[in-house]
Amino acid sequence: MADLKLLAALCVLIPLVGSTLWFWLGARFGEKVVSIGAVTFLVASFLCMLGMFFGVHEAARVDFFEWIRISSNASVHFSFLLDPLSLTLGLIVTGVGSLIHVYATGYMKGDPSFGRFFSYLNLFIFSMLMLVLSDSLVGLFLGWEGVGLCSYLLISFWFSEEANAIAGKKAFVVNRIGDFGFLIAIFALFQVFGTVSIPDILSAIHLGNLTADQMFWSKIACFGLILGASGKSAQIPLHIWLPDAMAGPTPVSALIHAATMVTAGVYLICRLQPLFLLNGGSLEIIAYMGGLTALFAASVAIFQNDIKKVLAYSTISQLGYMFLAVGLGAPVAAYFHLMTHAFFKALLFLGAGSVIHGLHHEQNMHKMGGLRKQMPITFWAMTVGVLAIAGIPPLSGFVSKDEILHTVSTSGRTALSVMAFLTAFMTAFYMGRLWVLTFFGKFRGHHEADESPLSMTFVLVTLAILSALGGLLNWPELWGGHELLNEFLSSVVVQKKIEISSEAFHHSLLLAGFSSLLGLAGLGLAWLRYRNFSGKEFEAPVFNLFKKKYYIDELYDIAIVRNLKQIGWILWKGVDGLCIDGFLNGLGTGTTRLANRLRGMQTGLAQQYAVWVWIGFLLLLFGAWTVR
Amino acid sequence: MLNENYLLVLFLFPFFSTLIVALSRHRAAAWVSVAMAFAFFVLTLIGFQVHELRYSATWFGNLKYGLYLDSYSYFLILLSAFLTLISLFYSVRVIKEKVAAYHALFHALQATVVGSLLCDDLVFFYIFWEAMLIPMYFIIGIWGGPRRKYATLKFFLFTFAGSLLMLIGLITTYVIYFQQTGTWSASFQTLRDYFHMNPMNFEIQKWIFLSFVLSFAIKIPLFPFHTWLPDAHVEAPTAGSVILAGVLLKMGTYGLMRFAIPLFHESAEYFAGALCFLSVVGIILGALVAWRQTDIKKLIAYSSVSHLGFITLGIFMMTEAGWNGAYLQMLNHGLSTGALFLLVGFLYDQTHTRDIQAYGGLAKSLPWFALVTVIIALSSIALPGTNGFVGEFLILLGSFQSKVASNGWVILAGVGVILGAVYMLHLVQKLLYGKSHSEKLKDFGWREWVFYVPLVILVFAIGIFPEWILGPVREKTTAMFNLFSTFAAR
Amino acid sequence: MFERLLVDSQMALPILGWAILAILVLMIKICTRGVWLPLFATVIGLIGLIFYSATHLNSGAQDLFHGALKMDSSFYLFNLIGLGIHLAVVLMLIPGLERTSKIFKVSYEQFPELLICLLFSGFGLSVLIAASDLSTLFLGLETLSIGVYCLCGFYRTEIRSTESAFKYLMIGAFSTVLFLYGLAFVYGATGATNYSQIQSIIEQSHLAHQPLLMIAVAFLIAAFAFKLAFVPFHLYVPDVYEGAPTPITAYLATVIKVGVIAAAFKVFWGFFGSLADYWEPFWMTLCVLSILLGNILALQQKTLKKLLAYSSISHSGFLGLAMVLTHPGVGTTYPLMAYLVVYSAVTLGLFSSISFLENREQVFLVEDLKGLGQKRFWTALFIGIFILALAGLPPFAGFMIKFWILEALIEQHHIGVAIAAICGSVIGAAYYLRILMLMFMSEEQGSASEWVVLKDRLYVLRLIVFLAAILSLVGGMRPQLYADWILSALALK
Amino acid sequence: MNVSIAHLLFLSFGVFCIGGAGFLMRRNALSLLICLELMLSAVNIAFVSFSRLHQNESGNLLYFLVITVAACESAVGLALILNFFRLKKNIRLDEATTLKG
């Protein structure tokens, strides 16, 4: 156990130490030391994680110290919960994190703030690990806000550009709205269970016997958590920050805004699945939210020209899938998709990054084309990624998405099924569009592109392999596979097993065939439409809606931001300035005016004074008379 | 162990240092003053293990000259000593005229603050509470900005009016005690124990409580009594702002926790809803208005209104966790807002403008400044891991379980958490990010690091290991709430 | 009969001592030509009287001259305060001697006349304090007033001084008539002039609601209110204060209050004691009006002495309250006594500081104080202390006296009055702060920092200022000292 | 004719009113002094008549005191009027407004 404690501590602290180190000494050490150091640190962290992964059977709790004592019998500890759910995600975080660190050493070469970048990146890994491993909701919240902070810092990494700073702020603030929900959820859960420790809460739920009041608060908690999750995972209505977050360096987009941080929402819901099972309605909300987001984001992705924006909407859409799965009671499927998505979306982002790097920070796909010649490794790696996300068998994306589609189609909710399948088709289409526009046709840009350095291509290839083979992790038993992940996670989350029968087998084959057909159709359509792209997109008034992202940013701006600003102004000038200060100043000037008027009594005429004496006396006399 | 003489020393030391500083020669005054402040800080630190100390002597007729130290007062004294030390250290370079008077006034302020924190006697407390105004009045009035006359007048009259009303309430309290028992005492402990056993007529109690709350609310400042604060802050010299925000505002919340509510907790429960409403309005108004400010100091001042709203919410909600959180948040706000004012001062000394538009891209030219600013801003928006979070979390968590007022207020206050991020990041963005157009500024030198390092360390030390403060404070709070609950049981 | 008179005269030495001293100084003045001898005689005589009074503080109550005068412990205390004020005022007059007499062409030799007037009005004061018969009451008040009229007009060649005395006399005489009418009705209603007789007649014969008595009360309240300058009887005060020589202004602001409040205390709580329900509301209304309007009116004053005049009006209000609250049955006398001591000390200190700066050729405007803190730090500092004490802020004694009054008000359930008093204090703080602002927070220099009028023997003034400051500081920080002294003096402890 | 106390008091009041009105309306300082004397006489009438009512001498005693004091007051007043005249060349009270405002 002591070893486990040490490992856990090291695993989390190494990135933290790295973070301070690179920030403090980044400039002094030089790029080489920093890059080697940062990668080594992360690999060390990864190894620790691996050690824990194999060291833990079932689940283990590692307690460090008491953080906040709430009352005599409740406190928050700095403690970790090591179980399949957390360890799996921890491995992904550190593993993919390491790869992306390697990639970033190439990508960021020559940046004046090299050290700072790695410092933030390491800090992110620390926060993410806190999020994943924490045993208590508050610890989780620490990571939750920490990753938000790092996301903020990294989005506005190139802060000289005002837009980047604003995008970072937007990300943080929108995330904060989600965090607010999370916070309320923590309070509500504390209200019900008197504890913030996740295992304690879960065991209390297993015991059952909640009163109506407790049920009410647990419902509130669910809503809070959904808000939190939708903020972090960019689901409607809080999805607006993710596209803007692409302002950050591409490795950041890959690591934070595709592979790890944004999946925290899914992780959270999986973690507290029993709570949501208690409140069935909330799962329904999650499912519809996910489905809607998936469809919505896919429809927007089709009309984006910025390669990273396409990927960003694609991420939102894929996260929608995960939410859909969780909402329909298939957390393993969601988790599986989360993993494969981490691989192929990281791959796609890094590939895009490689392209952008090669083209000297050109992100507009209209200015690309025919790059398969110049960047062969990138091209092939990207191809794997595109095929994976489009759901072409037997790549990982196919397997995981198929599981989700299977869940949806058997759930008996037609609307959701239609959404899911439509999204699958659209996904294939916009990914095909991206692929074709980037790598085929004529080159439409200005700069000559070169292949990226080894540090980047190595990572691409590794991720491509993972994306291709990731499906094996949970290859359905129906098809003669072994559902590793399902077995592994079964102790933590509940998912209905698919019964093995010939009927089910037929159904699944039919589904697989249909979905891969959809994928192929999408890709094919894209190929036909964009093979000879001449700069003309679909033009129709209806499409403007998609292009402009359904005007949601504008809507929020008008409905909320401007109103709040207006209210702020009114409160300042109106309430503070006019009412309160006006009242006080009025009191002041009123008194002075009175003083000035009364000063007029001071005429210097003694007889007038005598008149006043006389008046005063008469008043007294009158008073005396009436009192009598 | 320390005995009661320690209290007397603690109480008298600032007076002594005021005298020393006032009498020292112009050149040396600043350093003498810093040395004295440091000595006081060390003296305060010595008392760290102290849980409770009492000292009493007759002061005048009915009034006992009681000194009383417990964890509630101790940490605020520590905060005051610490902030006074760093703000005086900061002032050494900045203030060049009337040095001795300036430093002496700060020590006098310290003396009054320590006095009102230490006293057990209500009248004694009141005297220091009033006297606190005088040094601050001169600090702002003499070394302040161009509109200092208006600001000081407003500050003074506002606070004076409130505290005089409290005086009436205070006298009424102990006169009632006299009329019921036949003995005179204004000692808080005596009065509390007595009124705990023999509750006062509720109608009277309500009014007395309101008079106390009014006075404290003006000092805190609670909406709608907050308008003096932005004006005072804008005009005050940097060190004055630090102490004003860091220490003086805390006296209001301290007064609530120490005097108003323990004495009249029935009324506190009766008015909880209304007061929570005011707190929440303060939180949201402060945040929204802060967002629209272009003057950095005004922004921070309004952010104080918002933060103090959280503290009062935690207090008025009357839960143990809320109180612990509120107390911790008092310290946190002192540190983070103090630090923010120092940071603004650092800029102001070089550029002589507080207009937010005049800055931009400072992260490039002043990386260390930027780092500290971001850390402090994060502490201010209560990011977990920083001190702000622990306080705010406990406040909200505690308040959520409150029985005296709806927890809908907490949800509204939570909106304030969001808005907090909005205005603070707005400030960070405008100052640090964007195109750089202030290249010639100098970054931190050793003088700055001397106090920013401890500040930053404290931010994390309280954020990650809050127990060294929370532990002693909790003991006190638990004892107090036990008293309330026995009352309620009866 | 004659022996009795002799014994009484001996006993009445604290009262007669004033007159004897005055006559002595008069003799010296007639016989010699110098200034210093009368001055020394006055100072030494006053010190002697102070010692005598101080040692006889606890000698118990005595009725003298067939009950015309009554000397009890409160008499000694009031008398002591009066003596102290006289001593301070005499000392205040010293530094400006040569200089002011040059400015106003008042012959240097006439200075002893001033002393004689002072001493005679002091005699009036002590008679007034000791009065226990309507005739002595009237005589004391008039002796005091007539002396003061002369003092006000001392700078004969200056129009302001003359005008102030002229007006004061005219309107003062007018109020005397009211006062006398009041006395006449008291006499008419009861047929007695001795306090104790009047009291017992009123109590026994249920005269409470007799119209004559009602009218008498109204007349007397008006007359006392005039002397204490309650609003709306206050209008003469700013003019008189403005015109009178500064030390005399200090004298006006303190001595009159001591004497009149002592007399009022004896009149209203003496023979009108049983009518308290009847006159108390009127008196309190006047007090509250003075506190509020006095402070409001002070806000917009341009000249310093007028401002202080209004401030003294508001303080009279407090003093009046203290008088009402010193209910023989309930209250103790020390709020009243302490108020007198502290207020007198602070006022004397403040006026001494002003006479440091004053240049009588010009009107002393409030604005003239600008930037005094830079130029003459110590003077400004002391003025600041006195101002803060007047404003009633701790840790100065001004706070304690207000505190005691509020305490007494609340104890006797006059919460509304307490709140009104507090409102007045808040308004008052505004103009006190204005003075502080001008002194310490202005960059420009006002003319007060330029004027150098008094050059010789400033140590006397410094002494007064310093003592007053000490008193007002000590009184705020260790009120025990005062309270013990007062309580023991009144044999209440 | 039987003179009752009421008659005497009415007389006193009448004299007082005449004096008071004169005091408030006349401008000449000397007339003012005379009006003051009138008012004091009114007071004296009251004293004397009350003395008669109560059949004791205290009122008469006060009457003498009032007369004496009134004389003193007039003396001081005349001196001041003289001085005022020396400075201003008139003795009108409404001219004495140097100190207003």
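All chains are identified by letter, namely A, B, C and D, in their written order; residue positions are counted from 1 within each chain.
Definition applied: contacts are C-beta pairs under 8 Å (C-beta built on N, C-alpha and C of every residue); 3 or more make two chains touch, one makes a residue touch a chain.
Because the structure is a prediction, the values reported are computed rather than measured.
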*Tell me which of A-B and A-D has more C-beta pairs in contact.*
A-B
*Kindly work out which chain lies most centrally, taking the average of its C-alpha atoms as its position.*
B
*asked:* As a quick test, compute the distance in whole Å between the mean CA positions of chain A and chain B.
replied: 37
*chain A and chain D, separation of their C-alpha mean positions in angstrom*: 97
*In angstrom, rounded to a whole number, how far apart do the mean CA points of chain B and chain C lie?*
43
*CA centroid of chain A to CA centroid of chain C, Å*: 79
*Please set out, as single numbers or ranges, the residues of chain C touching at least two other chains.*
166-167, 170, 174, 238-239, 430
*So which bits of chain D are touching at least two other chains?*
20, 23, 93, 96, 98-101
*Can you list the residues of chain A that touch 2 or more other chains?*
599, 602, 604, 606, 610
*Those chain pairs that satisfy the touch definition*: A-B, A-C, A-D, B-C, C-D
*asked:* Quick check on the complex: what are the chain A residues that touch chain B?
replied: 23, 65-72, 78, 138, 141-142, 144-146, 149, 152, 156, 159-160, 162, 164-166, 168-169, 172-173, 176-177, 179-180, 183-184, 186-188, 190-191, 564-565, 567-569, 571-572, 575-576, 579-581, 584
_Quick check: in the complex, which residue numbers of chain D touch chain A?_
20, 23-25, 27, 93-94, 96-101
_Residue numbers of chain A touching chain C in their complex, please._
588, 591-592, 594-596, 598-599, 601-602, 604, 606, 608-610, 612-613, 615-617, 620-621, 623-625, 627-628
_Please output the residues of chain C touching chain B within their complex, sorted ascending._
373, 388, 393-395, 399, 403, 406-407, 410-411, 415, 418-419, 422-423, 425-426, 429-430, 433, 436-437, 440-441, 476, 478-480, 483
*Enumerate the contact residues on chain A facing chain D in the complex.*
599, 602-607, 610-611, 614
